[in-house]
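By letter and in written order, the chains are A, B, C and D; residue numbering begins at 1 in each of them.
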Amino acid sequence: MTTEEAEVEPRIGVYVCHCGLNIAGTVDCEEVAEFASTLPNVVVAEDTRYACSDQGQETIKKDIKEHNLNRVVVASCSPRLHEPTFRKTCEEAGLNKYLFEMANIREHCSWVHLHDKKAATEKAKDLVRAAVAKVTLLEPAIESEVPITTSALIIGGGVAGIQAALDLADTGYKVYLVEKEPSIGGRMAQIDKTFPTMDCSICILAPKMSDVGHHPNVELLTNSEVQEVKGYIGNFKVKVLKKPRYVTDECSACNECSEVCPITAPNEFDVGLATRRAIYTPFAQAVPSTYIVDRDLCLNKEGIMACDKCIRACEREAIDFDMKPETLELEVGTIIVATGADVYDPSSLPNYGYTRYLNVITSLEFERLINAGGPSGGNLIRPSDKKIPESVAFIQCVGSRTDKGNQYCSNVCCMNTIKDSLLIKEHWPDVKIYVFYVDIRAFGKGFEDLYKRAKEEGAIFIRGLPAEVIEDRKTRNLWLIGENTLQKELYRVNVGMVVLSIGIEPRPGSDVIQRLFTLSRTPDGFFMEAHPKLRPVDTPTGGIFLAGCAESPKDIKDSVTQASAAAARAGILMAQGKVTVEAITPRPIPENCEFCGLCARVCPYNAILVDKERERVEVIEAACTGCGTCGAECSFDALHMRHFTNTQILAQIDALTETEADKKIIAFCCNWCAYAGADFAGVSRMQYPPNVRIIRTMCSGRVSPKFVEHAFSRGAGAVLVAGCHPGDCHYIDANLQTQKRVEKLWKKMERLGVDKERLQLLWASAAEGERVASKIREMQAKLDKLAPEEIEKAKGVFAGS
Amino acid sequence: MNQGDRMTQHPLAKYLRSERMPHIWCEGCGNGVLLSSFLTALDELKVDLDKIVVVSGIGCIGRAAGYVNVDSFHTTHGRAIAFATGVKLANPDLQVVVISGDGDLFAIGGNHFIHAARRNIDIKVICANNFNYGMTGGQYGPTTPLEAWTTTTPYGNIEHPFNLVHLAAASGAVYVARWTTLHVRRLKDSIKKSLQKEGFSFIEVISPCPTIFDRYNKRGTAVEVMKWFRLISNVKHGYDPARTEITNNQIIVGEFVDVERPSYGRLLREMTKRVQEKLKEEKAK
Amino acid sequence: MVLPKKLWRTPLDTEKISLPKAEITIQPDLCKGCDFCIEFCPRKVLEKSDQLNKRGIYPPKVADESKCTICGFCTAICPDFAIFITEKKCKEGCEDEK
Amino acid sequence: MKSRAVLTGTHFLSGDLACAEGAIAAGCRFFGGYPITPATEISERMSRRLVEVGGVYIQMEDEIGSLAAVIGASYTGKKAMTATSGPGFSLMQENIGLAVMTEAPLVIVNIMRGGPSTGQPTMPSQQDVMQAKWGSHGDYEIIALAPSSVQEMFDLTIDCFNLAESYRVPVMLLADEIIGHMSERVKIPPPEEITIIDRKKPKVPPNEYRPFKPDDDLVPPMGCFGEGYRFHATGLTHDEKGAPKTVSVEEQTKLVRRLCDKIRKNTHKIVRVQEVMLEDAEVAVLAYGIASRAALSAVRKARKEGIKAGLLRLITIWPFPTELVAKMADHVTAIVVPEMNYGQLVREVERAAKTTPVSLLSKLGEEPHRPSEIITAMRRALQ
């Protein structure tokens, strides 16, 4: 039946969206609509203020019925944003959603050519022409469904991970919570009180921790790390390395072993302010409570038991030095990344003297000091003489909002300092408190009141960070010297102790996580959401979500909120129980097939079976993710890459090179990185030359050499192939094929005496809009110098391809 | 003060016939380490020293029996296990431990070993394996590695050695472990475990022979041999005994067998009880 | 759990933690000089003595008793019962027992 | 009530079975052996009877192990034995030495068969007489008794245990295939009529105990494993404490001499013989074991025929009653020694008889001596 539908004469409706002034401000939408109406098979062509609005959608539906349209094009924003919306519109009007195509005239046009209305409009026309060309050749398709494994993996056992785990587990889903430290709890466990309510942090966290520990639906994997992630939304296969604790579940946390252990070390949990043993538990409320042996410290090395004090002390015989690491293979449907963040290391700011002056501490050290369960039993003592200081100074924005550290605001430091100043005042009203700040950011619910209270309690807020902190050799007191930027005068303050309000930064291991889950990161290094407004906890990779500081610095409340949101998003998927696989998988065309097996060889998912003897070729639907690199590899047109067919893409090229080909850059961008990068450039209003024409493929691996050659044979000035960075490919390593093919083409161009500079390869992540923009600028510059003969030559040598 | 007196200060002194210290063993010989682990095991288990018998055969380690301050017997070459069998069966209240060498237990005494294991006689056999006949000056034995140099393999050993762990397991031992003399604590724990377990236990102790075998085979000083043990030994509990053969680059150590099987003594006593009850009944009629 | 990049401070409770102090007894004339104790001491507490014993070998001597954790490995590994460790009865030289 | 250990009453038993019953009656509670013709029946009987009386029967992997196990049992205070024949006896020589050296009281029954080597398993012989004394290396003494009837198989087995316990020495019962296999009437007395001797126990506390320090009779009291004496025993030359003395001339001399002398100096107490019509005898027949049966009837017949014949039957062959034989030799003109071997004990007789002519009447394999043969031998001897 699909073929029948395909055979009926195409009747196309084109809708050019103003998006308020977002598009119309730059592009002459009426003119574009006008132009569209002249294109073959276009029955209706109108411009509309907001295509995505109900009204806009209604119009489309109405037209489909009245003019019995069998194809629809919407020229508006990025398909990554609204394609789903309009596909739904079509379906509601009884039109198969695969007969819809978008022209991205906002992110890729109006926003990036703000100052060249004419060129922008021309570009918009081209993009519409290409869309129409493609939509004409589109075929209806029925999506196949894949079941979703109803279990979730959560990476990171901080408060975000804990919350997400509880929410999902309570909903009834199996949850694997992976934490690389010996205990869950994260940073919240280290903090004394929470702002603005001044709750005891561990008191409100501990119950949640033990809930997770005992929840029948939660499998807690501490001291463990994710090693490998395979599969796709709803069907991930995850390898987790469970490192040995050397203490079995028999452990009753009686501490006997720790007491006899002769080896001591600074306890990480107390930021080194307290001592632990080689066999220990990080803190009293740790979950699991099972102890752990630090084998780097322990005297027993290389299988030789030098010391067996703990073993003999343990009545339950819970200590086993022969535990081996084990690799667990988990099958999960959804994944939540809650890997948290790290703190800024102020020792890289010599002017504050951290690590040189004993009485300069970080806000994290402060939390442990002020904590009743901490090393000083809650006494605010200064390390040098263990006395309570008469005055304390807080220095804000240490490592935040500065070229010396991180550019961004760490979000929590202001409130944390305000909270800390109140804590001091509460216990030791006479202690003088100075807060040196740049701005005080007390934007959240109840924050401003807290700020007021701090001031009322007598904390002195001085705008302007000290330029330098100097220690008084005798008293070990500290001089803070800087400028009060409000009173425009220099200050010189002497205090007993300085607290550096250190910022939050991405975990060092983030790049590993990024690769494992094929995520993107912002220039700050935090993980990037699928859409900053509409999909704030999704990642570009289906089935993977974000929560907590891994996504950006945030306080406990926001982390928990985001965690619940992520849990809900994951829950929705699993509740549906199935995902529909986009109908973009290849269909073999046996009559063309030579059964050479090349397609099978390049498939990253081994989703193609080729049987040379019995002359059979088969595509495994469930395993295939539609990257299309097989289609690009096939030189016999034996693979019909649904929705991205050779004919469709060639038609797009033809459309885009119909006029002034020689002035144009034809760009093939992969959906996940390069295309998204270009979108990001648009969102960020980065300006670049208007001559580029972007064709979207799912993966750069789809770009068949013949597309490039065809573009040149059509006289295109230049061609850009852009995809994800190697290792970040959303189809494992399909983009390695891209590289091979482009390199082959370069050789060929050299051989044929064509300027190989005209073909460019770009790796750009979804966050690297600027990278895309500057590449286009650079290519434009080359293009301007290009001689017409060169264009002709290429036309000639590639003619017929 | 003389050495005997000084011995008595040592925490293990009460388990030793201190007056016979220092022992006859060479510098760096593993036998002393084995003995000390054994005594530590007795100490930690608080064993009733009146109820334990140590039996040894011939060879360097054979002298161990003479040093332990318990009932002990130094038998003829290879016969320790047979003698121990008699002791254990005749007085089941005694804990009988055989401490002997690879040559004594597995060449001349091999037959007694496999049969005692098969019968599951409730005795504990600890074997010091130094890969040669040390006391007679370093001749090759049943555990000497292929190609090794000994005084009777001047052109290199052409015999294949026994894998004692495999042999013991195949013969029916209910507990089989192997450690080197560097794994003292684990060795001690294995000894403790075997002492608390009913049935035929076998513990192989890979032991340096610095004066003879290791010197002949250029393995260096005792310390170097011990370091080599550390380098190539690999703890694999529960590993298939058939695959634990010792090679030049790996000594697999650990507990390989730990199963429950009624001992000969238990079965004998049960049978006796049955028979005697039957006789009583018959008499009653 | 968030870990600081380096832990550079001496913990505040350092002097509260009192580890038992070792008393190492070496019986030089029982020693045959295998050096196991010197080589395998995890804390490198022992070194070769410079004085010959009755047997004409160099027994071990204590290099730094304070480093000893009383793990007792030297006692366990000594083939000649020539060395053992006891806990120093707390008088001089070690923390007051609270 | 009747004791299960002592089957008091009159029975018709084979020699082997009588031996087993004797052992049980004597208090033997451990048997370690290996099956061998013609001693198998002893093992079989013991395997049944020991279980009935709560003893231990174990069939070892060979005769070496058997005797080793028996020594072990003996050291726990149990009365222990083994039974074998020539080839097995050869294997036991190693541990006979160990038993002698460690002074382990135990009993070895040897039902002699034809040798050398595997020889004639089902045929009688007296070929192990010398091996019994000299078979193991080094200087040593043992005790050996030679039963000549099934009743004696019972009685002498008990004596063997008593001697072993008295002198802390391995004691051998040297029977032969015929005695072992033939059946006769056996009277088993009530327990109270059976004399049982147990080894001497130490009278000193463990810390003063010297396991190899002898009393005046040269026999050290024996503490047993598990009794708290915590002593050491070794096959090496040792001092009174049991400490190895491998290079001391003094200890070697002291120990070896005592081990021999405790038997030699007590020979008169140990030796038992049967004298028949020796008072006025001109020709004496000296026999033991199976040969002595024909000898007895030969002597009686000879008297009827007017020959002044007499019989000296040795019940104890080791230690050899030299003095006794010498005294007898002074009163007779000739001595005839019928043996089921090619001349073994006859050498001891010649040594003792000095000038008195001694003639051997040797028999190998097949059936035992006939009285007529012995009479002919006596006539020849008198000529």
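Everything that follows uses one rule, which is that contacts are C-beta pairs under 8 Å (C-beta built on N, C-alpha and C of every residue); 3 or more make two chains touch, one makes a residue touch a chain.
Note that this is a predicted model, so its numbers are computed, not measured.
**Q** Per-chain Cα mean versus the mean over all protein Cα atoms: which chain has them closest together?
**A** Minimum centroid-to-centroid distance belongs to B.
**Q** Roughly how many whole angstrom separate the Cα centroids of chain B and chain D?
**A** Here chain B and chain D have centroids separated by 37 Å.
**Q** Cα centroid separation between chain B and chain C, in whole Å?
**A** Their C-alpha centroids are separated by 31 Å.
**Q** Centroid of chain A to centroid of chain D, CA atoms only: how many Å?
**A** 97
**Q** With centres defined as the mean C-alpha position, give me the chain A-chain C separation in Å.
**A** Centre separation, chain A to chain C: 53 Å.
**Q** Can you list every residue of chain A that touches 2 or more other chains, as numbers and ranges?
**A** Residues 304, 306.
**Q** Considering chain B alone, which of its residues make contact with at least two other chains?
**A** 182, 184-185
**Q** In chain D, what residues contact two or more other chains?
**A** none
**Q** Return all touching chain pairs.
**A** A-B, A-C, B-C, B-D
**Q** Inside the complex, what are the residues of chain D that reach chain B?
**A** That would be residues 4, 29-30, 32, 51-52, 54, 56, 58, 60-62, 64-66, 68-78, 80, 94-95, 97-98, 102, 225-236, 243-244 of chain D.
**Q** Considering the complex alone, what residue numbers of chain B touch chain C?
**A** Touching chain C: residues 3, 6-7, 9-13, 16, 21-23, 25-33, 35-37, 40, 181-182, 184-185, 188, 210, 221-223, 226-227 of chain B.
**Q** Please output the residues of chain B touching chain D within their complex, sorted ascending.
**A** 17, 20, 49-51, 53, 55, 63, 65-66, 69-76, 79, 82-91, 93-94, 111-112, 115, 264, 268, 271-272, 275-276, 279
**Q** If we count contacts the way the header does, which residues on chain C are in touch with chain B in the complex?
**A** Chain C reaches chain B through residues 25, 27, 29-30, 32-36, 39-40, 57, 73, 75-81, 84.
**Q** Can you list the chain C residues touching chain A in their complex?
**A** Contact set of chain C toward chain A: 1-9, 11-14, 17, 19-20, 40, 42-43, 69-73.
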